[in-house]
Structure formats: C-alpha cells, structure tokens
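Here chain A shows up in two complexes: once beside chain B, once beside chain C.
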Partner chain A sequence: MKSTFRQSMAWLHTWAGFTFAWLLFFIFITGSLGYFENEIDRWMKPEIVVVNETIDDVEVFNLAKQQLNTLASHADKWYIAYPTTRDPFIKISWLALANAELGISKQWHEEYLDPYTGNITPTRDTSGGETLYRLHYNLHYVPIVVGYLLTSLASLFMLIGLVTGVIIHKKIFIEFFTFRSGKGLRSWLDIHNVFSVLPLPFHLMITYSGLILLMGISFSPVIDATYGEGRKLHRQFYDVSQTENKRFDTTNIPAVDLSLSTVLLDAKQRYKNNNISFLGVIDRSPNNNTEQMGFEVWLDGSEGIEFATLITYRVVNGQVQIEESIGKKYSAGKVYDVLEHLHEGLFAGPYLRWLYFISGLLGAAMIASGMIIWVKKRQKNSTRLINLIDRVNAAVIIGLPIAIAAYFWSNRLLPLEMVNRGAWELHSLFIVFTMCICFCLVSRPAKAWKNMLWLAAAIYAFLPIGNMLTTEHSLLSSAQEGDWLMLGFDVSVLVFASCFAVAAALFKKEHIAPEHTSEISKKPHPELGT
Partner chain B sequence: MKFTKKQILVSNVTCRVLIALVGGYILSSLSAILIALLLPGDKINSIITGLMLSFVIYTVTVIVVFTTKTTLRAGAIVFSLCTLMYFFYHYLNGITV
Partner chain C sequence: MEILSQISLQLLGFTLLSLSLSRHYDQVINSVKRPSKPIVWTLRLSGYGILLLAIIQGIKSWGLALGLVYSFATATLVATLLAMLLTYKPHYLTFIFVRLKP
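Moving on to the complex of A and B:
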C-alpha cells in the first residue's frame, strides 16, 4: 500500500479503526455496563426488598414454595433464587407452558418475595440491566442476525486495529510511560497509547473472545461444509460440542420422599462450605408425580473461572440418584468455555469486576481518543466533512453516556402503569441519543463538546436526587439500611458526573493547537502515517 | 480515457478493501474447513479449532493484502490461495466420500 511495511500498517490502523469507530464505542460502553448487569437491575427495580441478615435456607424455601404452589402449579419448571452478595433478595421464577385454550405462549415469569412477610413485591415493568448490555451485540432495532454480523465485522476491524497498532509501535513499553501534556495532537497520541497499551491484554482478549462467541453465525458456511447444513444440524453441532461429562452418585433419600425439601437438606449436608444460590424443579408434572421430575441444586461461588456446581436429583430405577457435571467432554468445548467465561467475567468478585469495567471503559476511551486524533490530524485544512465528523464524534462520545443516563431517568419518570414501559425505556435511550446528534450537528464543534460535557455532568449528578424524589431510596437511607447495591449505583453515578464536570472545566475553547500540529508534521513519525 | 491520480488511488483502495474483506473471508472459511477435515482426532474439536483459527487467518490476510506492493499482486496471492484450497478441499472430499 505505502512504501514501507510500517507505513502501510499505519494506514491500515487509521482506517480500520476509523470505519467502525462509532459502533465500536457503542459496543464497548454498553458491553462494559454488562459487568454490572445485576447491580443495574436492582437499581431499576427499586421496589425489591433486600435481605440484609443471613436468613435460614429452609425458611426461604417455605416462603417461596407457598407462592409457587399458588401461582405456578401447572408450570414446567420452578426456580427459587437465594439471596447472594450480587442479588441480595429472594426471587422465584417459573416457566409456564403454552396453553392453546387460553392463548398463552410458553413464557418465563419472575416475581420477588418480601423476605419478612413472604408476599410478592410488585415491581415496575423495566428493561433492566440485561437489555442494556444485550445492546452490545443485538443493536436492538435491527434483525438479530444483522446485529450479530455487524458486531462481528466491527470486532474484526477492532482486532486488525489492535494488531496493526502493536506493529507500528516500536517502543511500546517506553511509550506506555510517556505522556506529554498540553501539546495538542502529541498529547492525544500519548493518551491514546496509554489507553491502548495498559489494558492491551484485555482488549485482545475481549475482542477475540467476542468474535469466538459469534463464530457459529459469522462463519456458518464452515459448519455447513464440515458438519451439515441447516438450522437443525447447526443446533445439534452446538449441543454436541457442549456435551458434559457427568458423575453419578446414589443417595439415602427414599424415592417416595424425594422433594425439594429433602433435596435441600441432603445438598446442605454434602456441601457444607458452599451456599445455595438456586433451587429448581424441572420436568414438573401437574399431578406431582416425582418419578419424572428432576430437582436441581445450584451452589453459590465459582471454582477458578468455572461456574458454580449444579447437582440434579432424580429417581432412577426406584433409587434417588445424583447427577453432577464435571466439565465439558470435548477439549474444544473447554476452550470455548474459558473464552466465554473470560468475556463475560461472571466469575469475578467485586474488585476484579471493577477492573473488568474500567478496562472496558479504557477500551472505549482508546477508541474515542483515536477518533479525536483522526479529526485533529485533518483539521488544518478543515473541510465541511471533517467538521461534520468532529461534530458526530462529540455526539457519540458524550451523547451515548447521556443517552444511557436518560435510560435510567426514564425508569424513574415514566408512569408506572404505562403499557410497554420497558420498551419505552429503551426508546428513550435512542431518542435522547438522536437528540444529542441533532444538537451537535447544528452547533460549532468546540461549543458542542463543551456543552455536551456539562450536560452529561448535570444529567448524572441529578440522578441520585431523582432517585430520592421518586422512590424512598436516598444516599443516606441506602447507607443506613445497608442497601449497598443502591448506594453503590448512586455513588458511581456521582463519580461519573464529577468526571464529566472536570472534563468540561478543563476543556479549552480552541481545542485545536495549530502551532503544535505543524511542529509534529515536520518530523515524520510512524504513528502519524498518512 | 485517462484517469486522474486521485481516481487511480480511490479505485486501488476500493479493490484492496474488497480483496481483503471478501477474499479474506473466503480464504479464512476455506482454511477453517480444511483444518476441520485434516486435523486428526475428534470432528467437533477439529471444527472448533478451525473456526477459532479462522479469525487469525482473516487478520493475517488483511495485513498481507495491505502490505503487498501492488493491488494486482495482492489479488493474485489471495485468489491463487483460495483456488488451491478449493481444489484441495474437493480432492479430499473425493477420497473420503
């Protein structure tokens, strides 16, 4: 492409990064929020009553079973979620089977229990944390396959950007410790290096594992050619590759006595050191015939990056047998699991979870600084196109956080009885995002950046106050009640607000520094490539 | 008809992007299929290994396409590799089927 290898790579780095930068920024931000999916969920369902003291397993079970019996006697599956550190509340869920007469389709239901009264706590209709983080690969308004393919393509560009980025940096280690402030483009390049090099292992891991998670769709012709064509065979391929090795054991429970309560006691005896996170009944039959039912016990905590253990009790030949999975059968399944768990970080404790989140934000910052550099290098002969891109940069980089704040605001402000309330929360996110883009398109770039930063600071700073006015949760009451998730969310939001405020205050009106740009352009530099 | 310098550059870049993206996809799919067929051991393992490596092959292909001196040569490299693999795949199928 260019005369030297390194120059060609610099060109490729610039344009591979530029092509999907806005989409990648969106993916990194919404994906990072996924690491706090449960915590966001709790904030978006403020009615939930949290459990602060340790409460007896059997007591929880009795409360839950009572509700399940009345609400879900015909359901196919029952689950009781025990309070854990990330989800300190009791949740029951069940799978209602399709009923043609009543016109009901097969559907999961979930309800939260008040641990003190045993009653159902009605919660608002919300999209919650799950829908928010799913945006990072389904892109919401497009058909799901299009979302998968677009995010896969963007991730491939990201991977190319990372690899070429490593190639063009000769002194990658030294550059990590280099930051020259107040020098315009030079400073932006330095900060881009810091954002890229420090979390480089994370960036490579998250990009590659993200590609792997969707490889069955992006490279489906390969499965067609090697395993078989068609949806059914693809499904079979996934099922076979996920086959698990199982260990079987017998118990002393008499077959007639098999029920959730005997299973609970048996599991507590077997695993004294583990807490129970889920109890489940699968293959339920309405006549309470325990012969076919399976009883599941999920243990809290994880071993390494593996998930918690799942044990299933069933009646086999008149005897109660335990089935415990001990890892995947195929090594490919194991490798896939490792990559999936690394990507999702479900095994991470609070500290590692924060590290995951911050690394993800650093990835977004890397992309954002790359976008800013792209514009700055072309600003000298500022054409209308470059100006336009600068405006959209401001709209995306600052507008997306504002839109996410709007998502949280809509959860508190939309009327509770609204139809499709959850869907409208997401619509508000995208409406505000569009409004941000429109606002930036009509104002001058420098002004747009500054105003957007102040707006972001304000919208985040007022969020805890909005929370206080619309619910009974204030910073003080959360601290008093030991509702750490609610408090954590409100405090984090304030931290973000102050970050935006500091950025807005430091922002200089002429964010172009012409004297420095010209200085650099005299000295050829590999990074500056084109 | 004469082209301006800018037109030549634009068409060159477009060609390279197409070779890198489309050619790269075909090349990495074919190599994944070949890896899946040729690796000894369990079929599921080989297929997933092939799939996982396909992204590495894709990335390397894109880099090679953009480092090669001329666009024509880049196209020739990718095209010939694809053809070779395609025939090899059919040759293998002929034996196994």
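Moving on to the complex of A and C:
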C-alpha cells in the first residue's frame, strides 16, 4: 500500500485504468457509433428510396397493407414504420411463425417500400448499424453471457477509474480549462484532464447506467436469492419489476369495425399534434378474428427523456378499448427507465445526438490518452514489455477506427449475392483489426503510430469515393436529392479522415525533436506573453 | 433558437469563470499582473450567475430532465471549445474586458 490516501488512489487509478483500457476503448468507440445507428443503417442499405416530401398517412398505410397481405398473411405480428426525420422511408416488418415441418424458427422479416410505386425495394444483406453498436456489449465472438460479464467488469473498473481520477486531480477547478501544448508528458496529462473533466457528467452517467443496464446478468445472484435460479424464474423478476402503469379509455369505434385503418383514423384525431411513427398488429390470427388482436399506434417524438407514446386498441367485452402505457409502476423500474433512456439517448434531436456522440469519442480519447501516458511514464526504461504495450496501443487506438472503416468498405465491396454477407462484414472488421495488430507488432512504435494514422486517414478519405463508384450516391447527388443521411455520413467520414491526417502530420513534428520539448517548457511561451 | 441562447449563455458564463483564474486572465490580457481580488470576485460571481441562468433557461425550455441533459451536454461542448481557444487563440476573448472597462 502507498503512504498517503492520494497516492494509493493514484495507484488504483493507474492500474484500474490499465487493466481494461483496450476493451474500454473498444466499448466507447463502438458504443458511440450506436448513437448514429439508424444513419449508419441507411448508408449500409443504399438501395432504400428516401421519402422527401410529406406523404399522406393513409396512402402509406394502403401501400404497406397490400404488401403485408401478400407477404405475411400468416405472420403473428405486423409493423409499418412511417417515414420520420431519422428514418425517412417506409419499412414493413413481420414476425413469421415457426414452421416445424420446414424446420424454421420464429423470425422477423423486414422490407423497404418504394413510396412512389409501392413495390418492395430489395436491399443488400448487411449487418448494419445495429450489429455494430451491439458489439459494445456482446463482443461478438464470445458467448453472450461472457460478453455481458466482461463489459460489466470493464465498466466497474471504469467507474473506479473515474472516481479515483477526480480524487487525485489536485487542481480540478484551477486547471479546468488548461491545456498547455507542446510540453511532452505535461501536455498529455493536460489533454487527459480536458477529455475527462469537461465531459465528466457524461462519463459518469454512461458508465454508471451501463453498469446498471446489465445488472440482471452481473448481479444475478441477487435475483437468485429471491426468485430462484434459471431463466424462467428470473423472468418473474423482470415481469414484476418492469410492470407498466396503464391508462384505459373507451372509444366509439364499433367492435366489428376495428381494423388498422379505423385505428389510424382514430389516433390521428386524438393526437392531432403528433406524427405517427409505427402502426402494428399484434396477436394476429390467420382467420382475421379481430376479437383477440391488438392494434398498436406509436407516436413520433418523446416527452422529455421518455420514449414515444404507445397506444393499443383491443376489443374488451364487446367494446373497443384503448390502453396507454404511462411509465413503470414501481420506483426501481422508474429509476432503471431513466438510466436506460439517458444511456441510449433515443430522445435526442440532432444537436444532442451529436453531443452524445462527441462526448463518447471524448471518453474514448480519455482512455487512449491515459494509455499513452502510462507508456510515456515508463518509456525511460524502454523495456521490451513497454515497447510491446506501446505497439498494441497504436494497434488498438488507430486500428479500431481502421477496422470499422473496413466494415463499411466490405458493405460496398463484398459481392451482393454472397451467402452470409452480413456476417462476413463483421468478420472483415475483425480480420482487419487483427491485421493492424500484426502490423504494429512487427514495426517500431513511432513508425507504427505514424503509418497507422496515415492509413486511417486514407481509408476514411476514400470511403465517399468508394460509395460513388459502387452505388448511385455521390456527395453531389445526395445533396441534390436531399438525401441528408447519405450526405451526412460521407461528409462525416471526410472529417474523420482529415482529423487522422492532421494527427499524422503533427505526430511527425513531435517525433523529430522529442528532446527539445522539456527545454521549451522551461522557456517563456511567446504566444502566452509570459 | 433555444439551443443558441443556451450556448451563448454558457459561453459567456464559462468565459467569465475562466478569466477569474489568473492563468487565463494573464493569457487573455497579455500581462503577468495578478487580477485584483474585486475583479476576480466580480468575474467569478457573474460567471456562476450566468451559468445558473443557463440552467434555468434549459429547464424552462425543455423541462427538468431534458433541460439538465441539454445543459450538461452544452457545458461539455462550450468548455472544450473554450479550453482550445485559451490555448491557441486567447486574444479572441479580450472582448469581455472591452465591455467591462470601456
């Protein structure tokens, strides 16, 4: 143990951070991308036809219903997704029942509709944005429970790192805005502080809520104690704790007339100020018996940080009744809800969404700078182990963005008719990641860093060009057609490319004169006038 | 519009706060003089006051929960921008003093 409280906290901060740093970096990067899940999805399905003008709700409904009737007459659930600002297209999805004879299990299907013709637009098989962001808690190749446990453990260490970091930061207020550039280790410590302290509310929230979101797995012995072991018994716990408060209302729709179209008209009348984001039928029966079916209407937008409202129409005792969920019944469920919503940020508009994303990247940058400081502090000895860790740092910090770019590239380059195409997109991500690690292991650290940065700049810079060559979408055509998601993605990767290029150029400068840095720090800084 | 006023309020508040620290005060007015106590306290109190105002404006515009999210998120953005400004372009912030001492 160390002699003073602060020293022992510093020790804890160093080693708690070090233990899971690479995994945490991975979690922060892939998790941050999750805030643009829908936007990434759109880019990875370039065939989708975007709806730019407002179309009549009933018209969308008619188009979608026609397709659902032909494609999914036996399905258990139907959903029609209306065009919204984040998803400006019509999507239908259905849950096909299991078929024992054909050996098919229950499965969701989804298709996109051309708003002008009403036909299905065939889209490529892709893993999309959803699989990418799920990486941040399932870690893909490991069994799901192992993924949950590892990420829980990592967030636990992250929380320790955050709290000890605040304790050992002696001048948290005086150096709140301080970044002294060009001073070697001092600068790295400063930037580590800037990345940690300024988004601290986000860091604490995301880490703590991340930990709580997985508590069903990480704290499962607690549930075992009351409800017993096993999934079935745990289900009881979830059912009780997640009980919803419901509000009931009656309508004057005659029970025989209850259908998706009457529900649509009724909901439009009740909620004149809201747009509809989803229409759904649940508990469908093949003989169209509306007695037991439920008709769902999801309203677009949210109230504060709460999700969009969901209203369900059902026939109860020969009368059509409306059921509306108004939050969780018990306080534990309410707390869980608040943390979940804050973590996922689904309520966020473009401004908040970008800030969520940037804060997430700042979190990743905080971890990265911490890893670099760890090496820099030990570099004097320059042992083989430190050198190795420096190399792996380069491989992880720059290699992961490169691997994610490879994921996007594989979406454009893999043959469209390839079997398991979506799965191979993810394999490409991890293959390239492994290649980055191998490359860094065989080259000198300084060289590895620089080459990786240039490679990252190049692979992102060419992405819009690859998009232009393999699809009909170019920066110009996206702007002309008002396809803002496509354009936004292409412009964003160009911004990333330039960030990497700037970093590569700056890195060169710093490494030409590493010895001078300490001298400069003692001289007065001309720009600061001191 | 609400977002813009949130950003400007916080930018002003955080700038005043940063100037109450002698390191940044020196950077901005380009001298090594320590700011006098009354100046430090004027800057500090007005800075905190304006930040408080920003939070109230956030809560009024978006409700308690979402308002706090907006305020914290904006604080991260504004403070990071300010840290970079103070490092690379500190003289951009001299306007505060022009207004305080015409």
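Just so we're on the same page, the second predicted complex is superposed on the first by the 506 of 530 C-alpha atoms of A that agree within 3 Å, B and C clash if a C-alpha of one lies under 4 Å from a C-alpha of the other, contacts with A are read in each partner's own complex, and residues count from 1 in each chain.
To be clear about the criterion, contacts are C-beta pairs under 8 Å (C-beta built on N, C-alpha and C of every residue); 3 or more make two chains touch, one makes a residue touch a chain.
All values derive from a computational prediction rather than experimental measurement.
Superposition note: with chain A as the common reference, chain B and chain C can be accommodated side by side. Of the two partner chains, chain C is the only one that A:198 touches; chain B does not reach it. Using the contact criterion defined above for the overlaid structures, shared-chain residue A:178 touches chain C, although it does not reach chain B. Looking at the shared chain after the overlay, A:27 reaches neither chain B nor chain C. When the two complexes are overlaid on their common chain A, residue A:264 makes contact with neither chain B nor chain C. Legend: residue contacts after superposition of the two complexes on their common chain; A:352 is shown touching chain C, with no touch to chain B. Residue contacts after overlaying the shared chain place A:440 against neither chain B nor chain C.
Contact with chain B, but none with chain C, is seen for A:331 once the two complexes are overlaid on the shared chain.
Aligning both complexes on chain A leaves chain B and chain C separated at their closest CA atoms by 20 Å.
Touching chain A in their complex are the following residues of chain B: 16, 28-29, 32-33, 36-37, 42-52, 54-55, 58-59, 62-63, 66-68, 89. Taken in their complex, chain C has these residues touching chain A: 3, 14, 17-18, 21, 23-24, 26-27, 30-32, 62-66, 69-70, 72-77, 79-80, 82-84, 86-88, 90. Listed in rising order, the residues of chain A touching chain B in the complex are 1, 5, 8-9, 11-12, 16, 156, 159-160, 163-164, 167, 208, 211-212, 215-216, 219, 221-223, 225-227, 237, 240-241, 330-333, 335-336. Of all residues in chain A, only 174, 176-181, 194, 198-199, 201-202, 304-305, 338, 342, 347-348, 351-352, 355-356, 358-359, 362, 527-530 touch chain C in the complex they form.
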